[in-house]
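Each of the next two complexes has subunit A plus one other chain: subunit B in the first, subunit C in the second.
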Partner chain A sequence: MANTTTAPHDDPALVVAFEARIAAGESIEPKDWMPERYRRQLTRMMSQHAHSEIVGMLPEGNWITRAPSLRRKLSLIAKVQDEAGHGLYIYCGTETLGVDRHDLVNQLLDGTAKYSSIFNYPTLSFSDVGVIGWLVDGAAIVNQTILAKTSYGPYARAMIRICKEENFHKRQGFELCAHLAKGTPAQQAMVQDSLNRFWWPSLMMLGPSDTNSPNSGELLRWKIKRKTNDELRQRFVNLTVPQVQALGLTLPDPDLTFDEATGNWTFGEIDWDEFKQVISGNGPCNHERLAARRKAHNEGEWVRAAATAYASKRKTASSEAA
Partner chain B sequence: MTADSQWPLWEVFTQGSKGLPFAHAGSVHAVDAENALLNARDVYARRGEAVNLWVVPSSAIVASAPSDAGPFFDPGNDKAYRHPQFYKAPRGVVVF
Partner chain C sequence: MTRPSVAGNRTSGAANPLVDYLLRIADDRLVLGHRLSEWCGHGPILEEDIALSNMALDLIGAASALLALAGTVEEKGRDADALAFFRDETAYRNALLVEQPNGDFAVTIVRQFLFDAYSVLQLDALSRCGHADLAAIAAKSLKEDKYHLRHSSDWMLKLGDGTPESHERTQRALDTLWRYTDELFVKDAVDDATAALGVSIDLDAIRAQWHQLVADVVGRATLTLPTSTVRAAGGRVGRHTEHLGHMLAEMQIVARSHPGATW
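Let's turn to the complex of A and B:
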């Protein structure tokens, strides 16, 4: 175990001191010494998280121009803008580990970076916007509330900021679903269909099961993660089932039962083959998401060029004046 | 600087309300100071989190080194007589 967690060139004495700091619950800051593996694991995890926020704008962004009312449209624009902000908070946190955002953005655009599997599912109706806010942001809050106590200071601080904002995302989503669940039979069917499609992908979003999660041991030992994927998933299910019942909706899992002894909702087997396919680029929308991201990046080039030209023009003007 | 550059990094400090000290919020990339202020507003103050903003080029920040924290801060740590608890007052007397 120890062989896999420290790179050969890490000074063993420094590793011992580092792990003592972690054990004492200290926060690690950018200029502190850290094992190479700690830096690499954080860079991997934080950049994937940042990419997820950026790609996460796409499934819902499609619905902005087709929102059914001004109120829903305002909420959706604000939510999508928040996701961009969240991506930027985490990219800037990742940069404190010594990587360049330029490289991270390129990895996303050239398809070598991973991001959350959930955003590779299509959004087929406006009620998907509600279910995404409720379930996807709900699952993200469960994950991020724990990540707010992660051992790396800049990541923890970004999570605290994000959690505050995502409560609005979840509430607007739940409100939208509640509205539809009380609506016409067609509206009820629409929100039930969204729930059916997004339930299992939302459970997968919390990551592979603990029995098959190669990074978890190291991440938990260094307190980058504070709870396992399965613990987070159980917490999400326990929080969500009563909300589903309150709306008079159902979940597409015949095995879902309440376990009196543990107080947990036990649920059926997750289709891990589907998860593996989606995460390795073969989900329903992987291609479409990256194509949309590249198009946006390329079409934004003139804005970047204009800003650069304007700044250099002003710099010349002010140096001539002086 | 190519058009695809991410531009220089700026550290952002926000003042939550009038009278409070400025605190570090995070960083933004921006082509110049004016743009850095606009980006900082959009990224760190979407919900009234700030009444004032500072942006500072990250390269201009000078920081103490964590490895030297012991000796560096030592002069302030070993002077118990700088704290009121160091001084005894007669029992029952309210000094302040």
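Let's turn to the complex of A and C:
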């Protein structure tokens, strides 16, 4: 069987030394030697993460102009702005691996890069904003808290900072849902409907099941990932079910039961066909999300050209003056 | 028998001129902040998504404080949200400039620059006015708006003196929006009435300073100051362009669909 974990030109002695560092729990820094596959896996994961932040601005951004109170409007703008900041921060982190942000953005726009499946679902009511903050940021935190211990230093440090903000978003989202759950009958129905629509996609967000996760083995061995997708998913369900109960809401899963022996909430089978459709570009909003990103990019072309032209004129002027 | 008179006032001002005065300042910021928030997720570069959102947050934050103050002064039990979400377009008092649609990035930047240059002068004067609450809000917003002006001035230079295309787009935006700038400096009965209460700013002096500031940046941006004397006004008394109604329809839809609900 072919060894897929190292590229042919990696010096086996260096790989052994590298894996010893990983085993010893050391942090890998940008200038350290690393196997080509490690670099590629990290580039893939980090750029997917950055793309997810950027595409993730769209479903919630969809409600900025309709937010029904000034306070909600301000917190929603601030949240979407935070996501832009996270995207920028992780793109910069990815550049420490020797890739160019513009190339990554082009991969997103031409459809070859992936981003989180969850953002391909439409936001159909204002309470979706609350449920996304609560569940989607909640699931992201479960994933990213573990990623904060990832072996690649720049990514780990980015995650620590980002998790702090995501925690705030999650609390804000939960607070909105709690408010609506105690609101008018229409608001209660609205938030229940949001939960019904976003529950299963939130579980899918934590990635394919361990039996069908092609990258997991290598990622775990190199401590890029520290927990499997299914472990993270179970943790997310265990954390979230009591919160749903506390709000007097229900989850759209008749098989959801508490297992006294393991202390876990066992849940029904995820529709993996739907997941496959969404990640392969056929989800409800894949087309719209990429179209919106392409439109912003294309319409911004002349602006970026102007900024570049102006900067080079300034450079010429200052060098002539010197 | 006498027939009922059909002769009314030329404009229907609010009973309390200070409320109208505060609404003018608040609505400029709410409407412009809302327009900027429409860019969120759709900016030409990621850094601008962040910057435009920041300015939207500052402006809507200032509007919230000003609307709350207007509601208190009015004494009709309307809070900031009631004033933002349950007033029709004819009750809005913002200048026409800020309700103009985003257009391309040049329109957004020119609109922002023309307003920022006015706003820093206006807020500086208001921070020294005779109404303590208004002066405090103005002083806080002034710090933020100085950054906005720096940002929009920078972009005026980049776009005006960037490429032939950006120059042309920016000149066109300047020519189109110019007609809406005069309104910012027109004094009317509301200004006279609040002046009697110790709340007034010298709009003639601000106009002159604004003109100097704008002419300087426009010149450095290699753009030409418009010479057209065509003027459009009416926002201060609720006579808006058709754009505001559509903006408010979107902004108010959820709040108005659930009367009595809180969020």
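We take it that the second predicted complex is superposed on the first by the 319 of 322 C-alpha atoms of A that agree within 3 Å, B and C clash if a C-alpha of one lies under 4 Å from a C-alpha of the other, contacts with A are read in each partner's own complex, and residues count from 1 in each chain.
Note that a contact is a pair of C-beta atoms (placed from the backbone, for glycine too) under 8 Å apart; a residue touches a chain by one contact, two chains touch by 3 or more.
Quick caveat: nothing in here was measured; it's all calculated off a predicted structure.
Undergrad: In the superposition on subunit A, see if there is space for subunit B and subunit C together, and answer fit or clash.
TA: fit
Undergrad: Once chain A of both complexes is superposed, is A:122 in touch with subunit B (first), subunit C (second), both, or neither?
TA: neither
Undergrad: Examine A:32 and indicate which partner it touches, taking first as subunit B and second as subunit C; both and neither are also allowed.
TA: first
Undergrad: In the superposed arrangement, does A:304 touch subunit B (first), subunit C (second), both or neither?
TA: In the superposed model, A:304 contacts both subunit B and subunit C.
Undergrad: Using the touch definition from the top, say if A:183 reaches subunit B (first), subunit C (second), both or neither.
TA: A:183: touches subunit C, not subunit B.
Undergrad: With subunit A as the corner point, what is the angle to subunit B and subunit C based on their C-alpha centres after superposing, as a multiple of 10 degrees?
TA: So the C-alpha centres give an angle of 80 degrees.
Undergrad: So in the superposed three-chain picture, is A:281 touching just subunit B, just subunit C, both, or none of them (first/second/both/neither)?
TA: A:281 contacts neither subunit B nor subunit C.
Undergrad: What is the contact status of A:313 with respect to subunit B (first) and subunit C (second): first, second, both, or neither?
TA: In the superposition, A:313 touches subunit C alone.
Undergrad: Tell me which partner A:81 touches in the superposition: subunit B (first), subunit C (second), both or neither.
TA: In the superposition, A:81 contacts both subunit B and subunit C.
Undergrad: Between subunit B and subunit C, whom does A:158 touch in the aligned arrangement: first, second, both, or neither?
TA: In the superposition, A:158 contacts subunit B only.
Undergrad: Looking only at subunit A, is it subunit B or subunit C that touches more of its residues?
TA: Partner touching more subunit A residues in the overlay: C.
Undergrad: Once the two complexes are aligned on their shared chain, state how close subunit B comes to subunit C by Cα atoms, in whole Å.
TA: 6
Undergrad: Following superposition on chain A, which residues of subunit A contact subunit B and also contact subunit C?
TA: 78, 81, 85, 88, 301, 304-305, 307-308, 310
Undergrad: Tell me, which parts of subunit A touch subunit C in their complex?
TA: Within the complex, subunit A contacts subunit C at residues 54, 57-58, 61, 64-74, 77-78, 80-81, 84-85, 87-88, 91, 126, 176, 179, 183-184, 186-187, 292, 295-296, 299-310, 313.
Undergrad: Using the touch definition up top, name the residues of subunit B that touch subunit A in the complex.
TA: 1, 3-7, 9, 26-29, 31-32, 35, 42-43, 46-47, 63, 65-67
Undergrad: Could you please specify the touching residues of subunit A with respect to subunit B in the complex?
TA: Residue list for subunit A touching subunit B: 29, 31-33, 78, 81-82, 85, 88-89, 92-93, 95, 100-102, 105, 157-158, 161, 165, 301, 304-305, 307-308, 310-312, 314-315.
Undergrad: Which residues of subunit C touch subunit A in the complex?
TA: 34, 37-38, 40-50, 53-54, 56-57, 60-61, 63-64, 67, 80-81, 84-85, 104-105, 157-159, 161-163, 165-166, 169, 250-251, 253-255, 258, 260-263
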